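Starting off with a structure, shown below.
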Amino acid sequence: MTIDALSGVLLIPALSAGLLAALPGYRLTSRLNVLAAFLTFATAVSLFIVEPTSGRYLLVDDLNKVFIVLTTFVAFTTSAFSASYIGHEIEIGRLKLGHVRFYHAMYQVLMFAMNLALVANNIGLMWVAIELATLTTVLMVGIYRTHEALEAAWKYFILGSIGIALALFGTILVYMAAQPVIGEGPDAMVWTILMTRAAQFDPDLLNVAFVFLLLGYGTKVGLAPLHAWLPDAHAEGPTPISAVLSGLLLNVALYALLRFKMLLALNPASIAPGPLMVTMGLISAVFAAFMLYRRRDIKRMFAYSSIEHMGIIVFAFGMGGPLANFAGLLHMTMHSLTKSAIFFAVGHIAQVKGTQKIADISGLTVTHPVLGWGLVLGVVAIAGLPPMGIFMSEFLVVSSTFARAPFLVVILVIAILVALGGLFIKLNTIAFGEPRGSTAPVEASYVPMFAHLAIVFAAGIYMPPALVTGFQNVARLLG
Amino acid sequence: MQGLTFDIAHMLAGSLVLVSFMQLYQDRLSALLNMFALHAFVLAASVAWQAYAQDAPHLYITALIALVFKAIIIPLALRRIVIRLGIHREIENVFGVGLAMLLGIGLVALSMVVMLRVTSGADPLAREDLAFALSVVLLGLLMMVTRRNAVSQVVGFMSLENGLVLAATGAKGMPLVVEISIAFSVLIAFIVIGIFLFRIRERFDTVDVQAMDRFRGEKR
Amino acid sequence: MISYALFGVLALVAIAPIAVALSASPNAISVVYGACLIVTLILFLLALETLFSHPAASTVTLPLGLPWLGAHFRIDPLSAFFLVTVNLGGAAASLFALGYGRHEEAPQRVLPFFPVYLAAMNLVVLADDAFTFLVSWEFMSLSSWALVIANHRVQENMRAGYVYLLMASFGTLTLLLAFGLLGGGDGAYAFDAIRAAHPEIGTAALVLILALIGAGSKAGLVPLHAWLPLAHPAAPSHVSALMSGVMTKVAVYGFIRITFDLLGSPQWWWSLVVLGVGGVTAVMGVLYALMQSDLKRVLAYSTIENIGLIFASLGLALAFKAYGMDAAAALALTAALLHVFNHALFKSLLFFGAGSVRAATGTRDMEQLGGLIHRMPQTAFVFLVGCTAISALPPLNGFVSEWLSFQAILLSPQLPSWGLKLMVPAVGALLALSAALAGACFVRAFGITFLGRPRSSAAETAQETDTNSLAAMYALAAACLIAGVLPGLFIDTLAPVVQQLTGGRLPVQTGAEWMSIVPIAESRSSYTGMLVFAFMFITGMITAFAIHRLASDKIRRGPAWGCGYPDASPLTQYSASSFAQPIRRVFGSLVFRAREIGEMPPPGSSAPAKLTVQVRDLIWDALYAPIATAVGFIAVRLNYLQFLTIRSYLTLVFAALVILLMVLATWP
Amino acid sequence: MAVITDFAQQSAQMLLVLLMAPLLTGFVRKVKARLLSRQGPPLLQPYRDLIRLLRKDVVLANNASWLFRVIPYLVFAATWVAVSLVPTFRSGLLFSWTADLIAIIAVLGSARFFLALAGMDAGTSFGGIGSSREVMIASLAEPAMLMIVFAIALIAGSTQLSTMSAFMNSADVGLRVSLGLALIALIIVAVAENARIPVDNPATHLELTMVHEAMVLEYSGRHLALIELAASLKLLLYVSLIACLFAPWGISPAIAAPTLLLVGAAAYIGKIAALGFLLAVFETSIAKMRVFRVPEFLGAALMLALLATLLRFVSRSF
């Protein structure tokens, strides 16, 4: 494997993981963590300047370039956030130094796994990477060792490993479909080769494969009814991990799903993956929208909102077409940025208020104006209100598909509306009204949160042409 | 000769399904663990036969892994856990064995239907194998669903993975990466589960999943 | 031209960060509102210039918004007219706020959003593609939401804001669907493209319905009005004035833009829907208003009535346009647009008045007010002018637009279709009824608030408001009078707009002697506001002079006739609810299930008798409450899924897998 | 020259109505008294009352505001302007195009608006009763009146009173159902608007039964005089409205010889006398109704007028 940007995004996290596992203390290591994440991000950006050639094991194309840069960027900002967050956790003794060392190492391992999943040119390798990412997050979710945390991690582990198994079975089936055409051996698992020959594969085998892959990776995406692990994992784990889960891991799983969708799209005889994805997406969106109303835990609420948005995204990709695909990509990007920003805010809020119970938090815009308005801004963005970016993607999704599938879109619109109602009925009590809870000042770094929100805001008004052309190419790839 | 290899492979795969049914039938943990050992053993045998039939020597490694890890080490370890927790003769089915069996048969039928729709483009051996593998996977899932006890859920999970191995070995010339990853994942799975079982014990004094559900993040 | 307008908008947006920066300093209020005043005035003059020297529509496309589309902006007569309305209201509100803003509880929660809100309304009018339009539209709602909950410690304000935001997003999503139909799947969102593509009948009809729902929910059409009487009073008064006087008009603009401009030639039966909704809205709105005792809520409901009036006229215009009767369509549309302008004037004026009263007495509840004409005579005077204007009484402007719409109705027998033949007179009756009830409503509003004796100590010790507020109100009052006395000018100014939308226009009015307006022909109908005003003024003056000269001019003061009970307490006066009692008995018992429950003490006991009045909002009970309960119910039911055991979750996964496999097995 | 005569005739009309209004009131009172076989006040009594009132001082309630003192002049001016725009002896007067029938109704409406406000100014409960009942009656009478205007305007093809009366005078009116309905409705509205029996009793002195009288209870002296005069002007307006719409015979056209004008004036006075007599008969032959029966009474008018309009919409021949 030659040393280029592509292998760089893998090597830097891997090496720093080892380093961080070795180093004691947390001040230094947290900074190192940020540094490593930043280096990875820089390397990822360099992919746009000089595009390395995809080899047998690693590939790079417009599709995963977008994902890589997004992943590494959010990973970088999240590491910056987690530096201040973890510091506070140690002060209040919720985490021990040993845990922190483990935590930082695992953080980098997670980065490594996700990047590997994105650049892998081999369906088997991709599978391995995603499993690695899952297992790492399982360990990190359980890190607090309260029984809620353990139960969440356990739930996540069981459902996750079922997902693993189903995805593997699907992968094997894809190989079985490819093997008669391409011939035995590793070639039959290499994306670049699969794509060229997909038309001759056995369609029925591909169909069965896609069902398993949809369920397997769909579990990671958090589609209802496979979502059960997601809310608790978000709620009970440390907040940076919630941000990474919502902002990145879901995307990575979605990326795998998209790859296989492209594969099926190339095979005319196979079933259209669209209807399946549209159905799952709608179910998730509607279900999650209604789940928002009864939430009492602030992090769990936003976890459900992630499910809703994943539903919208999967719906968009399921509908297909250049506009809808573009919208799906945009929505995914915007959601990652916004949701992680929200979790940054929520993390500090939970720390300063000493609780995650919505009922015990009130009047934030009075007691902590910056945090409070930041949260309001985030919720406005996540609810799909202008001028934030998600409005643009929702506009495109709805308006470009309504003519094609009126009834489905009406359902989607209802879901969006219900979700908005759920989000704001909670926001009203959290951010406004008579202040409740501690009014102690926060020592927090607002930079990551507002950086994300600024990007989302800018994207809602102006999108740089380079980005647009990139997205449009990907949208065309997705068919 | 081709016919004979085919029949033997067929027989082995079929017997794996049979053992899955027997697992489904057990209602005591200790007996269940024995059955799982048998399950893994049959798997090892069929993998070995595939290795011979496809004369793919690397598959012998897989067979060995299956034999050593799944047929011997894991059952022993689980047995120790079970005995330590003193739950080796627990009866913890959600509903009657008969119903479970019926469901199992339905699942096997379903997997047959799904797989036999596959055009004969793929070679018959692979097709049959896949059908059986799918049935084993589904039966493993069914077991996880119908058992309350964490250990037996783990067992169900691993028999599910056996099904995967069967499928993988059935696929001609599937690269080594897969087997290794399987072993890898099984190992991880076992370690993590072990950790969790211990933690769970020290927190809850039982491995009954329902007990943990009493400590939900959000009270109703 | 358009670029100048955009610079103005940009300037408004730029004020917001300044407001945030200044939020601590004491003179933030004067800086921000002063800046808003200047910018809106400039924009106002700009739009006026465009309207008078109506050049061809000037457009500009910025590399914003949808990447491959860009943000299109365009200023044509229609948008110029609404630009005039918006910025006139905005300027007045800014001027008023220069004084009123000092009474705010939390100015730092108002200042940043006020200029942005103005900017958003301007952008809606300027937008020339679906995306820009909807972004501005929804952003307008968002910023006004922030203003509604400015005083967030009051619980019902939060509730009002919540309902408002939900309804606003509902409207936006409906419009989004409409544009989805117009733009089609391939994203032709520019208005030019939409104009070029003529949708077939069914699609167009669906778009019309969606537009009516979407724009109507923002304008406050019954039954989508529920948010309006909650949100408008909750906001600070100058914002209420903007929301009621201007934002509802922006909603009307949205409807006109879609139905008259983008949709192409209308079908006759569209007008049935619009007419019916408009008529019902007019009557329901004013009936609601008569039942309220909160002054600002009365005004909010009366806004609903006026919106109904406007939509009825628009419906007529649609009908005429559908049958190619251009002159008649022009008349109806002129009536609608003129009323848009007039209502913006006097509704802002009235809300300013209510705001001054609120600031002076600390309450909006009419039952606590009274006798304010002695304490704040100037406010009383301008408020009276507003009341007269909104009650459609000559010689003020409210009457002119109403008169024009009646003239349009009188043209409608030429319409061939039977449905319209039956619908139009009924709507005419509804409009007449609503006009009369509006008179009653504002006699009540002014009489209870300003006349009689004070009903609370706060009302006794009220002080006249500051000069800035008074200046704003006097300016608007003067505008009301001018628009009522010289309507010809305004009608001629509207001519290009009407021409653009209907192809027809009214005869030039400015030529007519004594500034009279002649819709069709003088032998048919004419009205001369100026002469009516002059006659009444002169005769009144002469009479007064003559009587004071020839007869007595002496004045003595004495106690009022109390039927033998000297100086009864102010509470014996007619209260707001008792004043409405006859009308409540006539209409309310049907429309609101109004009930009066009197409890008489047993004979001999000295306990006071008690009368309680129940008024139910049937629309809320029938439409909104069920939805709320349904959502709550579903949420509760689904919530059980949060508390299942891991095994049950596995079962779900398992079931999903089996179902999908079955789907595959049975796939054709 | 023509302008001058026109102007002269216009002002003649204004003076004429001003002079005739109290006479009509007195005439109706006299006839009523006679019908009740009483002697009754002399015909000119209303003039005497007015003069006496004008001489008296004004006693203002302690709480009365500036508005209270302005309103009488406003009301009087509005009513006077309205009535002087109705063709009496001649159509197409100089300023007849100032306001069509709708506008005339509206001018009367503003007079009522301010009168109702005056009722609430003193801060007594009687004023409140009067105003609230007045606006309730108005809220039904005004739409009814507008519907009547619609019905007739749709027949005459104009809302311009001169044109309307000219059309009604012409041959092509014929006998129409809608006109009949409109006439009945118009009579009901006229009765209600002028506070006559059975809707209201101009002569009552029991506060609880008053509507119009309760509203002006606090007025005295010259103010009261103006109010009274305005009331009689309003009565005259409605009577001459009925006359010029439903008995347009003899009204002289715009450009006419003096003889025609005299004929017109004579015919006018005759019509007024006849209608006044009928009103008196009607009032004596019927009892006042409870306040909350009034809405039904007026509702009937509204329905009749609406029916008339609908008929016109449905077919020209009605």
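Chains here go by letter, A, B, C and D, matching the order in which they are written, and residues are numbered from 1 within each.
FYI, a residue touches a chain if its C-beta (ideal position, glycine included) is under 8 Å from a C-beta of that chain, and two chains touch if they have at least 3 such contacts.
What you see is a predicted model, and the numbers here were worked out from it, not measured in a lab.
Enquirer: Looking at every pair of chains, which has the largest contact count?
Expert: Result: the chain pair C-D has the most contacts.
Enquirer: Quick one: which chain's Cα centre is the longest way from chain C's?
Expert: Relative to chain C, the chain whose C-alpha centre sits farthest away is B.
Enquirer: Determine the centre-to-centre distance between chain A and chain B, using the mean Cα coordinates as centres, and give it in whole Å.
Expert: 31
Enquirer: If you average the Cα atoms of chain B and of chain C to get two centres, how far apart are those centres in Å?
Expert: 69
Enquirer: Round to the nearest whole Å and give the separation of the Cα centres of chain B and chain D.
Expert: Each chain's C-alpha centroid was found; their separation is 100 Å.
Enquirer: As a quick test, compute the distance in whole Å between the mean CA positions of chain C and chain D.
Expert: Computed from C-alpha means, the inter-chain centre distance equals 35 Å.
Enquirer: What residues in chain C touch two or more of the other chains?
Expert: Within chain C, residues 642, 644, 646, 650, 653, 657, 661, 664 contact more than one other chain.
Enquirer: Where in chain D do residues touch two or more other chains at once?
Expert: As it turns out, chain D has no residue touching two or more other chains.
Enquirer: Counting only residues that touch at least 2 other chains, which ones in chain B make the list?
Expert: Residues 114, 117, 141, 144, 153, 212-213, 216, 218.
Enquirer: Which two-chain combinations qualify as touching?
Expert: Chain pairs that touch: A-B, A-C, B-C, C-D.
Enquirer: Per the contact definition, I'd like the list of chain C residues that touch chain B in the complex.
Expert: 642-647, 650-651, 653-654, 657-658, 661-662, 664-665
Enquirer: Which of the residues in chain A end up touching chain C in this complex?
Expert: It comes out as residues 154-155, 158-159, 162, 166, 207-208, 211-212, 214-215, 219, 225-226, 228-229, 231, 271, 276, 287, 290-294, 321, 323, 365, 380, 383, 385-387, 391-392, 395-396, 398-404, 409-410, 413, 416-418, 420-422, 424-425, 428, 432-434, 460-463, 465, 468, 472.
Enquirer: Touching chain A in the complex: which residues of chain C?
Expert: It is residues 63-68, 130-131, 134-136, 138-139, 142, 149, 152-153, 155, 158, 161-162, 165-166, 169-170, 173, 176-177, 179-181, 183-187, 189, 631-632, 634-636, 638-639, 641-642, 644, 646, 649-650, 652-653, 655-657, 660-661, 664, 667 of chain C that touch chain A.
Enquirer: Per the contact definition, I'd like the list of chain B residues that touch chain A in the complex.
Expert: So the residues of chain B in touch with chain A come to 114-115, 117-119, 121-123, 126, 130, 133-134, 137, 141, 144, 153, 157, 160-161, 163-164, 167-168, 170-175, 177-178, 181-182, 184-185, 188-189, 192-193, 196, 199-200, 203-204, 212-213, 215-218.
Enquirer: Which residues of chain B touch chain C in their complex?
Expert: Chain B residues touching chain C: 94, 107, 110-111, 113-114, 117, 138, 141-142, 144-145, 147-148, 153, 209-210, 212-213, 216, 218, 220.
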